[in-house]
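The data blocks that follow each hold one structure.
Consider the two complexes below, in which chain A is the common component and chain B and chain C are the respective partners.
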Partner chain A sequence: MTIEQYAAPETLDELTRLLSGGNALIFAGGTDVMPQTRAGARQFQPYLINASRVAGLRGISREGARIRIGALTTVTDILESNLLSEHVPVLVEAADCFASGQVRNTATLGGNLCNASPAADLAIPLLLVDAELELSSNDNGAPSRRVVPISDFFVAPGKTVLKPTEILTRVIFDAPPSGFRARFIKFGTRPALDIAVVSVGVAGATANMVFAITRVAFGAAAPTPIRGKKTEELLEGRLLVDDTILAASSAAQKDVSPISDVRGSAWYRRELVRTLTERALHDVA
Partner chain B sequence: MSLEKEIHFRVNGNLTSVEVPVTMNALAMIRDRLKLTGTKRGCEEGECGSCTILVDGVSVNACLMFAVDCDGRDLTTIEGIRTAEGLSPLQKLFVEEWAVQCGFCTPGMVMQGTYLLSQNREMSVEDIKRGIEGNLCRCTGYKKVIAAIAGALHATPRRGEEKEDS
Partner chain C sequence: MTVIEKQTLIGKAIPKLDGPKKVTGEARYVQDIELPRMLFAKILRSSRVHARIVRIDTSAARKLPGVHAVITAADTPGVPLGHGKDNPPLKSDKVRSLRDEVAAVAAESEDIAERALSLIEVDYEDLPAVFDPNAALLDDAPVIHESHPDNIPFTYEYSQGDVGQGERDSDVVIEDKFTLHFVTHCCMGVSGAVAQFDADDNLTVYSQTQVPFLYKKDIAPIIDVPPEKIRVIQPSIGGGFGSKLDIYPFEPICILLARATRRPVKLTFTREEEFLASPTRQPVELTLRSGVKKDGTLTFRDVATVHDNGAYTSWGATTPFVIMQTISSLYRVPHCSYRTTVVYTNNPYSGSFRGFGNLQATFAVESHMDKLAEAVAMDPLAFRLQNAQQPGETTPQGMVFRSCGLAECLTTAAERSGFVEKHARYSRYGRGQNGQGGPVKRGVGIASLLHVGGGAKIYRSDGCGTMLKIDDYGHVTVLTGASEIGQGSETVIAQFVAEELGLPISSISVVNDDSELTPWDVGVHASRTTFIAGNSAQRAARKAREKLLAAAATKLELSAEELDLREGNVTRADTGEALLELPRLIRSLHFAKKSEVVMTAEYYEPPSVPQDKEFKGDVSASYAFGTQVVELEVDTETGVIRIVKVTAAHDVGRVINSLGIQGQIEGGVAMGMGYAISEHLLVDEGVIQNPCFRDYKLVTAPEMPEIDMHFIETLDPEGPSGAKGVGEAPAICIAAAVVNAVYNATGTRFDSLPLTPERVLRRLKNHA
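Here is the complex of A and B:
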C-alpha cells in the first residue's frame, strides 16, 4: 500500500476532516500499530494519521457523577489518577497489569480499545462500569458524534463498530455507587508485558447481604472482550455464599467461547475462567 | 518507496532535522540516520527495553514509536545523559556495582533507571523491580542493576547490602 499523505492534526476538527474520505490508518502512541505494520499484521492505508497531537483529548475529569476520559489519555495517566483510584480502582488495577512502564507511558486508552484485542486489559473494567464510547466524525463539513455502549463496540478480533470516517474521542461512565466493589484478575505467565491468557472482571454492590448491580466480564475468552450475561443472571439478587459462587463459576464457562492458541488451549482457558471467576467473587464477597 | 517527511527535533540538546520514511520507527532513525548506536536494537516489538530513550523526559521504547512522531520533541539517548564531569551518577553506580554482564541491555536499563530517578519518588526494591519490568537482561543480572538504581536513589552506594531475592 502506497502512503500518499501523512498528517499530525492538532484539532479534532482537522482530524475528522482528514478522516472524512476513509482510507486512513490512525495511530497515537504507536505501541500496537508500529509492531503490527512491521509484522504485516496490519496494512498501511493511503492516509497515515498521527492522532497524538490533537488538543483536548488527553485527561480525566468528573462532572457530577459522570467521569470522562479522553481517548489520548495514557495508561500511565490512568495508573496515576487520584480521581480514578478513588472512584474506579478496578480501572487502575487493570492499568497496573498493562504491559511495561515504557509502553504505559505512550499507549493510550483509545488505542487499547480501538485495537480491539480480545485480551484488551482496559476493556474489562470499562465493561464492568457500562462505559459509553463517544465516536466523532465529520458529516459534510459539520462535526458529528454518536455514543455507543462499550458492550456493542467490539465486533471481532481487531474489529469494532467504528466506521472508517470515525475516531473514538472519549470514554464516559457514571462513577459507581458507594458500596460497589470490583475486582480484575489477569492471568499470564509473568506479571509484566504479558498478554492475558484469560482475564476476569467481577463487580457488584452488596446491600442487605444481597449482591446487586452484578457485572461480570471476560477477556481473551471469546472473539471480543465480553460481558458474562449468564453468570450475571445467576448472581443478581443472591447471597454471595460458597454455593452461589461455585454455581456462578460454572455458569461462567457457558458465557465464554475461547480458542486454543500459543498462550493456552481452549480447555485450559475454560478452566481458568471458572477458577478466576470463583477467586474474584470471593474477593468481592 | 515510502513517503518521506522532514522532521525537526532536539536530540541530546542539539537541534536536528532529518528526512525519514513515515513508516520508520524512532529506533531505526536514531541508530541508522543519526548514528547514535548506544540505543540497542533488541526485539523490536517492545518486549526487551534495550531501545529505551526519553521523549520529553518520559521513557519509551524507541522501536514502538513512529520516527515522524519525534517532530517537535526533545529526545534523550544514552549518549546524552553524561554530565560535564563525565558519567552520570547512575552510570558511575552501574560501574561500581558491576551492574553489567554482556552489556547489551545496559543502555536501556540506564535510561529506564534515569527515568525512574527523575520521578523523585521514594522507591522500595519492589518498586525498582516493577520499574524495570520492561527491561530484559538475558544474562539475568538484575540484582546489581537494582542495587545501582537503589544506590543512586539514596545517593550513597549500598554495595554488599543487597540481600533481597532477585
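Here is the complex of A and C:
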C-alpha cells in the first residue's frame, strides 16, 4: 500500500477529524511502525498521520489522587520523572528495561500500548495499577471520549479495542496508596536491547497491618499482556510466607497460555513464569 | 659523554591510525561511494529451498520506467565461482537453497530496482530437499549437485601412528559426539560493491574483498574480463572476520550489470539480506574417541566428522585443514586418526570465519581433556601441562614449534585466575552437594588453543610485497599488499617502518587499498598479516635505512656503523647525538650531481612449506598458543549463564602494538562468548528464522565480563621483532572453557552449543 497523504496535525481536534475518515495509520515515535512496515509485517494505509506534534499529549502530571500520562510521553520521560519514581517506581523500572537509550528517546507510551505486543514492557506495571485509557475521536464534528480499563484494552497480538477513528490520548490511574510495593521482572536473554521472553509484575499493599498482593500481571505469556487472576485469588489477603509463594508460583502457570517462538518455547515460558513469580514475590515480601 | 637512550615504538600502545576517520564518520565505506550516473542493483533470490527453474519472465520488470537492465543466468558467461567452483552467480537450471540468486536488476534507485524484482515471474518445480547432512548421505537422498550423486564434494583423511596401538596402551578410553551449530559473522558493514567500466573496458571494482590480488584472478573468468584489466579499490571495510575471503555471487552480478548498462552500478545488502545471504561458520558433527594412561599420558585420538557444507562450496569445506592441526598437535598425542566427510545439503553454505574450524575442534578436544583428567583423577591444569607441547617440538603432523608458550600460557592463566583452588572448591560446593544454597552456581573452566601464527602455505607463495618511498620532508609512504579490514595491520606496519627509520609514527602513511598501486599479497587470512606483511615492511624499511646511512656516512665522513637514525635525524650510534636532519640528507640526494631517490621494495616469503598429500608439513612459519580461564555463574532456575571473568594468556611472540592485541582479545572473547552462549543462526528446513539483531543475539556491552589479559612473549625467531599472529586466537578456546566451567558449576556437561538459557534449563531439568 502506498501512502497517499501525510499529515502532521498540531491539535487533537485536527487529528481526530483526520481520523474520522478512516484508512489512516498513526505513528508517534515510529519505533514500531517503521521496522514493521519495512519488514512487511504491517501495511501502510492511504493516510499516514504523524501524531507527534499534537499539543498537550506529552507529559506526566498529578491532579489530586489521579496521575495522568499523555500518550506522547516518551519512555525516557517516564524514566526521568520524579513524580513516577516517587509514586509508581515499578513503571520506571519497566522503562529502565525498555529497548535502548536511542529507542527510549523516541518511543512513546501510547505507541507501546497501541502496538499491543504481548510483550509490551509498559503494559505490565499499568495492569498492576488498574490504569484507565482515554480514547479520543471525533463524533460528527464534536470531540468524543471514552475510557476503558487497561485490562479490557488488549484483544489479541497487535489488536486492541481502538476503533479506526480513535486515538489513545491519556493513561490515568490513582496514585497508589502508601505501603504499595511492586516488582517488575523482565526476562530477556540479555540485559539490554531485548524483547521479553516473559515478564512478570506483582503489586500489593498493606491492609490491616498485613502486606498482601493485590495484582499480578504477565507479559509475553499469553496473546496479550494479562492479569494473573488465579494467582491473585490465591494470594488475596494472605501473608507472603514461603508456602504461599510456592503455591502462587504454581498457580501462575495456570494463568498463562504461552506460545513457542524464536525467543522461547511454551515449556520454557511456563518455567520462567513460575520462577520469576516466585522471585518477584520474594522481592516484595 | 651524554648518552641519549634510544626510544622504541615496539610494544607501545599506539592508537589505530585509521581510528579518527572511523570515529568521525570521515572514513568512506562501500556504501558511501557515489559515482556520476550510478545505478542501483538488487538481486532476486529463490523462494524455494530446492527446485527446478521452469521459467523466468523478466519482461514486465524490463518495462518498468527507471530500469536499465535485468539479467538472468542467460546473460552471464555461466562460469561458477567459489572454492568448489560449483556456484553460478545466477542460477539457470535449479535453485539449491533459499539464498540462490535467480535474477538481478539495475535501476535508477533502489526502490525502482525492488519494484522491478516484484515484477519478475519465476515458475519453480519443487524437488525433494535435505537439510540433515547424515540424511544427505543415505542412498535415496535427494541429489543437490548432479556432478556429485553421493552429495559428497570433499573428504579428508589424516593419520599418524597407530590408533589401535594407542587404544591398547590406554587405561581409559572415552567417546563423545559433539554438535556445533550455525553462526554468522555479523560484520557491522553489510556486503556491497560498486563496479565501473571505462571507455577502454577497464573495470574498477570498489570491493570489500580481503584478498584483492587473488580476487582479480578468481573473478576474471566469471565476468569474462581479463585480470589485467581489473583494478580493485578497497574502501574502508566494516569487518571481515574471514567472510570476505571468497567471492560471492553479488559481486559478479554487480559487475555484469555495470557492463550491461555501461554505467557505474552499486549493490549493497540490507541487514536482513546480510543474514540470509552471507556465509556461515560451518556446522560440524564431531565424534571423538580419546585414550589416556593412568599416569595422565595421552595415548590416542580418533576423530570422525560430518560437515554440513550447505548448497555450495566456499572455504567452509576446507576447515578440516585447521581442525586436524588441533586434533594432532595442540597436545602431544602419539596416535591419531581423522576422517571428514563434507556433505551437500539445502542449507545456507559456509565460508571462512575467524578460527577456521578451530572453534569446533577446540570445543571437542578441550572438553575431552577435562573428561580425561577427571577419569584419571588429575587436576585439569596438571593434566594439560603434562601433555603440553614444548618449544623445539616437531609434531607428528610436521609442524615445527620454533617458539611455544603453551605451558607458560597455562600456568599464567591458571595462577592469575586462582584456577586450581577454585576448580576444586566449586566442584564441591557448586553442585549444591555441600550446602551452597541458592539457585546460582559458580564454576571455573580452562581451555587452550593452537593456531597458525605466521600464515599458512596453501598457495605456492604465502608472501607479501612492500614498496616504500621517503619524500624530501622525511615523510614515508608505505605501499603494502596487506589489506586493512579493521584488524589494525596499517598501524603495525607503520610501527615497524617508523622504528627502522627513527621517525615518529605520524611520519608514515600506509597505502593498502588499491591494487593499481600496491604490490602482491596473498590476503588477510591465517593470522598472517603482522607476521608476513610486518616482516616485508620491516625488511623494506631496513633497505631504506641502509641506503640513508650509507649516504650519510659519505657526507659526514664517518662509517655507516657509527651512525643511527633517531627522531628524524642522523645521529651517532653510540651517544645519540644528532648530526644531520633526515630531510636535509634526502634533499641532498635529490639535488646531487648523481641524483637518487630513496625508494625500496621487498617481497617476503616465509620459510613455511605446503603440506604433502598426507596433510603433513610445516605449513606455517610460526604457531600461536593461548589459554583462557572462564569464571561464570549458572542460574539453575532460568538457565542463564553469566560470564564473570575471563583470564586470557596468549603467546603473541612479542607485543608490537599492545592496544591492538588488547582489541583483538576483547573482540575475540566477545565473538567466542557469542558462539558459546548466545549466537545461533536458526535454520529450519533451510529457512533462517532470525535474520535480525533482535533475535540473533550478539554479545552486547553489558554482558562483557572483566578480562584479565596476559601477553606471553616467546620471541619467535622468524617473526618481525619476534612477533606472531594473534588475530584469530582469542576467539578459539572460550567455548570449551565455558562448557568446562558449567560442568564445574553444575555437574552437567554439554556437548553442543550454544548454551542459551532455554537449552541449559532443558538439560538441567532433563526436559527433552
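Everything that follows uses one rule, which is that the second predicted complex is superposed on the first by the 279 of 285 C-alpha atoms of A that agree within 3 Å, B and C clash if a C-alpha of one lies under 4 Å from a C-alpha of the other, contacts with A are read in each partner's own complex, and residues count from 1 in each chain.
The definition used in the following text is that a contact is a pair of C-beta atoms (placed from the backbone, for glycine too) under 8 Å apart; a residue touches a chain by one contact, two chains touch by 3 or more.
Quantities reported herein were computed from a predicted structural model and do not represent experimental measurements.
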Touched partner set for A:S265, first chain B, second chain C, both or neither: second
Contacts of A:P176 with chain B and chain C, given as first, second, both or neither: neither
First, second, both or neither for A:G110, with chain B first and chain C second: neither
Chain C versus chain B, contacts on chain A by residue: B
Partner chain in contact with A:P191 - chain B first, chain C second, else both or neither: both
Partner chain in contact with A:T275 - chain B first, chain C second, else both or neither: second
Partner chain(s) touched by A:P225 [first = chain B, second = chain C, both, neither]: neither
Intersection of the chain A residues that touch chain B with those that touch chain C: 39, 191-193
Contacting residues of chain C [partner chain A, same complex]: 272, 637-638, 640, 678, 682, 689-690, 694-695, 697, 699-703, 756-758, 761-762, 765, 767
Interface residues, chain A side, partner chain B - complex: 2-6, 8, 27, 29-31, 33-35, 37-39, 44, 48, 50, 52, 99-103, 105-106, 191-193
Residues of chain A touching chain C in the complex: 39, 187, 189-195, 262-265, 267-268, 271-272, 275-276
Contact set on chain B toward chain A in their complex: 2-3, 5, 22-23, 25, 44-47, 49, 52, 55, 58-61, 63-66, 68-69, 71, 112, 115-116, 130-135
